[in-house]
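These are the structures in question, set out in turn.
Look at the two complexes coming up: subunit A is in both, with subunit B in one and subunit C in the other.
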Partner chain A sequence: MNKEQIMKRLAVLDFIAVDLQLYLDTHPEDMEAIDKYNSVIKEADMLRMKYEEIIGPLYSFRSSNNGDTFKWIDDPWPWQPSANFEINEEEN
Partner chain B sequence: MWIYEKKLEFPIKIKKTDPALAKVIISQFGGPDGELAASLRYISQRFAAVTPESKATLSDIGTEELAHLEMIGTMCRQLTADANIDEIKKAGFDAYYVDHGLGVYPASASGVPFTAAYLQSKGDPITDLYEDMAAEQKARSTYEYLMNLTDDPDVLEPLRFLREREIVHFQRFGEALQNVKAYMDSKRQFVIDKPDYMNGNKSKCMKCR
Partner chain C sequence: MRIMNTETNNDMSCMPFEEYIKVKELAFAYVPLQKICSYFEPTESLVKGTVFPSLYKPYK
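Showing the complex of A and B:
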């Protein structure tokens, strides 16, 4: 997976996780949703490790630092266009 | 506490400079039905919530609204970052520019600075959830008006995403309200402390119990 593929896949997985988690807040006994939630979290956690290794740290005090400078401060930040990817219509 | 994640909830990569659009989108940053008001409303109200479902819903939607605030700030920034003085004047962005330059400031489209008067935290879980459902609808309408004002797909995609989130939040708050109503209607037993004279040999000091 290249940088952009990792960013895209993690955005998808994290979105599913956020949406499922909000659903579970008001449906805490829905086992089917809990199973789905667990499988999404598992895949996202693994991909997050790859993201941090290839792209950079996601958290200021949860990520370990690879390198001899503190990578957290490095550009791009989320509001900079280079931190983002374009949505490809065909993939929608 | 809160943990910041260094990425957007939904990608934003705007190619076309358009200060006139930034001038109206800023309303979802610091306007009456904007994301800052939404987040502050829910993360204030949650302290008075009474059921696990509603405590979680207020905490989590309040958190997601901060991610949306970041998206709106990103859109305003990308729409104006490369604007020259001519473009700023032509777009009617000059009034904003005089006070804030190209910085992102929490204000409404008409320039009114953000105020906590946009929201309420009433200490009544049912009252609060009704306000929250109305707030989600007002934000949805605002996103629809914003979508009417642009044809730029780079702007429309994130606006469409944010509009859809308002609908999901409305649904979740509706479920939280039903949950709180069921809790309020459920039979409960109230236990009242015995008066001192019924305590036998125990201390009569109220604070010693």
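Showing the complex of A and C:
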């Protein structure tokens, strides 16, 4: 999985997690939704760890593997193309 | 009052909302609790803007 694929997958998973959380606010006992919510969150967390090991910090205030350099500064700026990705309709 | 179940879900095990609303009292509004029965695929949900098919209403 390259950087763009991970970023894309993370964006998708975070989106779903928020949507499910909103549903669970009003349906806290919906077991099926809870299972789906837990699996989405678990996958997203694993992906985040993988991303931070391979590529770099995802958050400027939460990443640990800096060693003796401040890795955050090496990331592209948010508006730079390399920090973004395309999501197209048919691709799943 | 019978409400048409417009959502076409194949397995009848999951009913998005009650078929019959017992009219409890005159002039009282009542919103049937809706249960989610099916989900969009991951990337599809981000493209469509929701995970819940029943909320997806594009203006076409």
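Observations
Rule of thumb we're sticking to: the second predicted complex is superposed on the first by the 86 of 92 C-alpha atoms of A that agree within 3 Å, B and C clash if a C-alpha of one lies under 4 Å from a C-alpha of the other, contacts with A are read in each partner's own complex, and residues count from 1 in each chain.
We take it that contacts are C-beta pairs under 8 Å (C-beta built on N, C-alpha and C of every residue); 3 or more make two chains touch, one makes a residue touch a chain.
Note that the structure is a prediction, hence the values are computed from the model and not measured.
When the two structures are aligned on the shared chain, A:K36 is found in touch with subunit C, with no touch to subunit B.
Of the two partner chains placed by superposition, only subunit B is touched by A:E86; subunit C is not.
Applying the stated contact rule after C-alpha superposition, one finds that A:G56 touches subunit B and leaves subunit C untouched. In the superposed model, A:M46 lies in contact with neither subunit B nor subunit C.
By the touch criterion defined above, A:F15 reaches both subunit B and subunit C. When the two structures are aligned on the shared chain, A:I73 is found in touch with neither subunit B nor subunit C. By the touch criterion stated above, A:Y23 is placed in contact with subunit B and with subunit C alike.
According to the touch criterion, the shared surface of subunit A, contacted by subunit B in one complex and subunit C in the other, consists of residues 11, 15, 19, 23, 26-27, 87.
Those residues of subunit A that touch subunit C in the complex are listed here as 8-9, 11-13, 15-16, 19-20, 23, 26-27, 30, 32-33, 36, 87-89, 91-92. Those residues of subunit C that touch subunit A in the shared complex are 33, 35-36, 39, 41-47, 50-52. Of all the residues in subunit B, the ones that touch subunit A in their complex are 3-14, 52-53, 56-57, 60-61, 64, 70, 73-74, 77-78, 154, 157, 168-169, 172, 175-176, 179. Listing the residues of subunit A that touch subunit B in their complex gives 7, 10-11, 14-15, 18-19, 21-23, 25-28, 56-60, 62, 72, 77-79, 81, 83-87.
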